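First the structure, which I've put down as structure tokens, then a few questions once you've had a look.
To keep things simple, chains are lettered A, B, C and D as they appear, and every chain counts its residues starting from 1.
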Amino acid sequence: MTDKPRARDIGLHFSGKPGPHNTITDVPGVTVGFSTIIEDAVEGVHKGLCTGVTAIIPRGGSGSIQPVWAGINSFNGNGELTGGHLINDLGWFLGPVMITNSHGVGMTSYATVGWMVDRYKDVFETDHMWCLPVVGETYDGVLNDINARGVQEHHVLEALNTATDGSVAEGNVGGGTGMIAYEFKGGTGTASRKIPVAGADYTLGVLVQANHGTRDWFEVGGVPVGQHMRENLVFEKEQGSIIIIVATDAPLLPHQLNRLARRGSIGIGRNGSKGGHNSGDIFLAFSTANGQDNPWRAPDLMNLDVLNDIHLDLFYEACVQAIEEAILNAMIAAEDRVAVKPAGKLVRAINHAELIGCLDTTEKDRP
Amino acid sequence: MTDKPRARDIGLHFSGKPGPHNTITDVPGVTVGFSTIIEDAVEGVHKGLCTGVTAIIPRGGSGSIQPVWAGINSFNGNGELTGGHLINDLGWFLGPVMITNSHGVGMTSYATVGWMVDRYKDVFETDHMWCLPVVGETYDGVLNDINARGVQEHHVLEALNTATDGSVAEGNVGGGTGMIAYEFKGGTGTASRKIPVAGADYTLGVLVQANHGTRDWFEVGGVPVGQHMRENLVFEKEQGSIIIIVATDAPLLPHQLNRLARRGSIGIGRNGSKGGHNSGDIFLAFSTANGQDNPWRAPDLMNLDVLNDIHLDLFYEACVQAIEEAILNAMIAAEDRVAVKPAGKLVRAINHAELIGCLDTTEKDRP
Amino acid sequence: MTDKPRARDIGLHFSGKPGPHNTITDVPGVTVGFSTIIEDAVEGVHKGLCTGVTAIIPRGGSGSIQPVWAGINSFNGNGELTGGHLINDLGWFLGPVMITNSHGVGMTSYATVGWMVDRYKDVFETDHMWCLPVVGETYDGVLNDINARGVQEHHVLEALNTATDGSVAEGNVGGGTGMIAYEFKGGTGTASRKIPVAGADYTLGVLVQANHGTRDWFEVGGVPVGQHMRENLVFEKEQGSIIIIVATDAPLLPHQLNRLARRGSIGIGRNGSKGGHNSGDIFLAFSTANGQDNPWRAPDLMNLDVLNDIHLDLFYEACVQAIEEAILNAMIAAEDRVAVKPAGKLVRAINHAELIGCLDTTEKDRP
Amino acid sequence: MTDKPRARDIGLHFSGKPGPHNTITDVPGVTVGFSTIIEDAVEGVHKGLCTGVTAIIPRGGSGSIQPVWAGINSFNGNGELTGGHLINDLGWFLGPVMITNSHGVGMTSYATVGWMVDRYKDVFETDHMWCLPVVGETYDGVLNDINARGVQEHHVLEALNTATDGSVAEGNVGGGTGMIAYEFKGGTGTASRKIPVAGADYTLGVLVQANHGTRDWFEVGGVPVGQHMRENLVFEKEQGSIIIIVATDAPLLPHQLNRLARRGSIGIGRNGSKGGHNSGDIFLAFSTANGQDNPWRAPDLMNLDVLNDIHLDLFYEACVQAIEEAILNAMIAAEDRVAVKPAGKLVRAINHAELIGCLDTTEKDRP
């Protein structure tokens, strides 16, 4: 699907054992689709579009309308992931998880409602069923004329309708198209881990939309490479955000998934972020296990499997590892873009050779 | 502006001293506007629209883009009020508070971004400024073909552009157009209280979109009138929600406003609600005091007035009183509507004479 | 066990069907014990003690060390219920729930650890097991020389060791001994409800330590009796708190129990409280269903029953009803006490005849 | 005060500029005291004590009873820090912050109430004032006979009464005496950073009680030294916890301090922790600025300075840096201890030369 290099391809090493594609779609049933919007400036309309929409469909493989159990954590809430009240209260959500730019949240929500109503017409026509979509965002106003509100209904439908399992595109794609991470070009990234425990072999996958961090903070494998790679700086202060979606097929309950989502902060810290103020660092974890119909159609008494808490450290570790790798995957696959604000500013993708060289040199220089 | 009767007009009594209009607009600077959407069925398009949009603009009077300090509480999170992560974290929000139907959240958010970008063009063009609108919702799928997504961009702009101070329409208006409360016709309601304290004379105003409660639970002034008014029942279980917006000009900080918002549950309990499961009971409180520019333009060190906590009980009391009255105002002003699902079902507004009669009789019958 | 009158005995009416004893011990397995500490002033030691300790043992009947699933809500956090971080995170707690006065929390926690270690010696000696007791408090410094720290280890052990099922003492007993509610003598109260649903017959019981409210706010059955019963006022502002413990045998998960606990605010609102600022209004709900060993001894994969959310309204309603009744039970069973601060001030128990008379008269006077 | 080496003394490097003592007491007015309890086994009484109490007094220098503004974050709530409801609600707390072992919380709370009542006798005798101490804990049951409840009232008073400014003892001292971190001997550690901003020169200090992490996870300066230092392992899974106290003299409000506390997770992640399940990772941040009397004595309208949010990244960075250093300070200063459970097991302090050697070697081996 994509021949862009990934972090492992250029020689970076990570802990833990990834799933077959090393993507969030390694969690059985999860599908991912994108709409990538890149347009040159149109006089009087917009100054250039560089944005998009990402769709993660927890039960995309089966098409089932069953909710997934979920937990959410807002580590730094200067951003948006709609549906949070519902997830905190009910412990589940219905339908896809969408990610786009800050000013695309409304249209993405609008279009997702339409898609759900259309796709599950019989349920929406029969029951008093409502749809309150889960839509996250990060800000791409440097590379994209965000005020032009370039995300349109057909883009959202494209992301939803092209969602598949298997390999997942990374870098300048979907909601991640116009993102900037650690003052390099950022974007969409994904990774996964296998978690063999108690006779089962669970999978945990993450997808990030990485738009966070300042160069000063940037570390790879514990090496402060951002102190050495000083060209093409973009910001005075952190301006961005990161949305992290964590999927697993392990039978975890909402209060456990809430804890799992909370590990997002440890995950982003692996590359040196301090969770800057101008950042919506919001994390969502869901489990595809324990499928149940929505309450109106579920039995009076449900019966759920629950993994014993003593095994959670394995999931926390896998989650942190996969986040670290997914962020680097987003950056390694990303490609240079020229900004619209300030116009003409070049936002460079990280140079792979330079990174590797810097890692080698810095290592040797350390006392 | 409206000649619909209010709860006091039909003889109901309430505690506390209201402001001049007994509306949320009694808080200086706050303006309110509506778009009311009522359309007969159009073959192949929709089965009938009965919905709308409400705009509350905290600094509508001055037009300033200054944020307002705020706190939020999700008592029963089975609903949506976007912007919650941000308010929890920053303690403030920018721009208007919008309320609409569940499937109108996306378009309302989309259009509000457009309105903000247009209205504060210089700021959005100069700064790296983002807009993540605060949009609440309740479900009107009984009276409105909610799946047709009837709220369009021009409706949202109408609500925003017609916002004024002074009297506020109630009942079947704006976002409250298609609502049902305690199985009577519900809608939009408002009320206010004056709070003289420590030499100042503060105002607290509330606006509710009342779509909650079952008839069994309904009480007025402590009298369980719902046990006696048994005609035209609508539901087997609670289906609805209530959004409550609380405004004040008192200098309260975010952590105090969070506590104030939390009193919403006591307020809705006054009419007998237990906060039913199928309900998004979400409460937002903001203060127009301590106006400051957004962080990019505010001084390094701000200086804020803060009311001593020992006076908060007066605000809690005023908040509960105003919520109780605003809900009844919504119901008293409401007018009958015929449902689209189940089609033809009549949802009655509460009969004023019957209510007063029931209050008299029930009182006398009580042991 | 007690021949003090209860609210129903003096003619008050309540909704819902109580369990056999109308106590929290109607939930099978739950036991309750008290230590009541009343001492005259001792020169140089204390100015008079009027306090105590209440023990609620969720699995007191079986003596099992199995945790109970739980949820917690801090409606007004100006108080203490230790163990909250743990309950929020794990969704369960081990051992008893203790309630005492504000300055007795430490000794109660200390003694409870000793009791647990002694009672489950084999587990504590074998495993790396820790005990972080759940201890709530309300302030009794008006009637009790709270600064003398009168609660001693043997009092705590007495409450724990005398815990039984069956009827439960109310009023000036245990932790409730020195409490004041709505400026009448307050104390300990309890009530329960039966909840037949989906072929099962669940029980919900509550126990309150009622020390909250001002006379102005006091209502009974919706009648503002506090406006009429104006003698022996105690405070200028609310000084107190209320701790509410909710028990059920229904199979509810932590995120559902959290929602159930949250209904405490609606419950206390039934008697007119606005959740005053000087009040620790903290609510805990636990379920004895789905018994599991602690994680070190539980199986890798647990299997839990979960009641469908659509039935929760019945529990919310039962919870609110039982809280309303338990608070009045506490007040009706209470007995006059003379204060130590201000010394000599008489805090009256509510006069039953006067209350009934006031209810009758007020009803007739209402417009 | 102590001649134990600190992390910098053995050649470790850290970012940021520390205060004069590189301790939490660099924040003006903050004092710290300890009681260290080490006793050999006494037949029939205990199997050996190795525990203690730490007291951090925010206004220890002035002795003022003024509260400090505060925020709290429970990253992994499998532990205790009492006073959390109050801090979440009021945004401040009164009196000292105490840290001890898990089974010492009760006695520490009890004794702290006594100390407060005695120290501020006039206030407690005049006002209806209550004291709900802030007491944190981590588990030392490996090195200490925790079930013997060795912390007594005089220990707590010793910690409180010996609190001073200036240098602070580290390692096996106070509440940290019996702690284990990354399967090396852990304990108490501290560090500070200067934050020059907007013409002021603020200080941020942290004190940690480090009892967390598994060897596998342990990293220093980004180097996974725990993968190489494989001797004297202690656990199969993480058993411990970490309490972090963050102090600053910058004028931050409660909602800002809450965000600052939340950075604790990034801080602990710096040494490789994933926030293991069996861990109470609870973080408290307070500001000594904006001193105000308690509400009963404060003016009706307070006036507070508030630092603009745009400067918070400097505090987040300082907080993360100081936590990383404080944890290593705790470990570097720690000394070997022999366990009581399993009896005889040696828990080694980290060998300084071996650590430095491992850092050198590992660096060279990295690809």
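Just so it is clear, a contact is a pair of C-beta atoms (placed from the backbone, for glycine too) under 8 Å apart; a residue touches a chain by one contact, two chains touch by 3 or more.
Keep in mind that what you see is a predicted model, and the values were worked out from it rather than measured.
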(message) C-D versus B-C: which interface comes out with more C-beta contact pairs?
(response) C-D
(request) Give the label of the chain whose average Cα location is farthest from that of subunit C. (result) A
(request) List the centre-to-centre spacing of subunit A and subunit C in whole Å, with centres computed as mean CA coordinates. (result) 45
(request) Could you put a whole-Å number on the gap between the CA centroids of subunit B and subunit C? (result) 34
(message) Can you pull out the residues of subunit A that are in contact with at least two other chains?
(response) 76, 89-90, 259, 309-310
(request) Under the touch definition given earlier, write down the residues of subunit D that touch subunit A in their complex. (result) 11, 13, 75-76, 217, 219, 221-224, 237-238, 259, 262-263, 265-266, 268-270, 273-278, 309-310, 312-313, 316-317, 319-320, 359, 363-364, 366-367
(message) For the complex, give me every residue of subunit B touching subunit A.
(response) 74, 76-90, 102-103, 105-114, 117, 124-125, 128, 130-133, 137, 139, 141-142, 146-147, 149, 239, 280, 282, 341
(request) Sort out for me which residues of subunit D touch subunit B in the complex. (result) 89-91, 197-200, 251, 253-255, 259, 295-296, 298-311
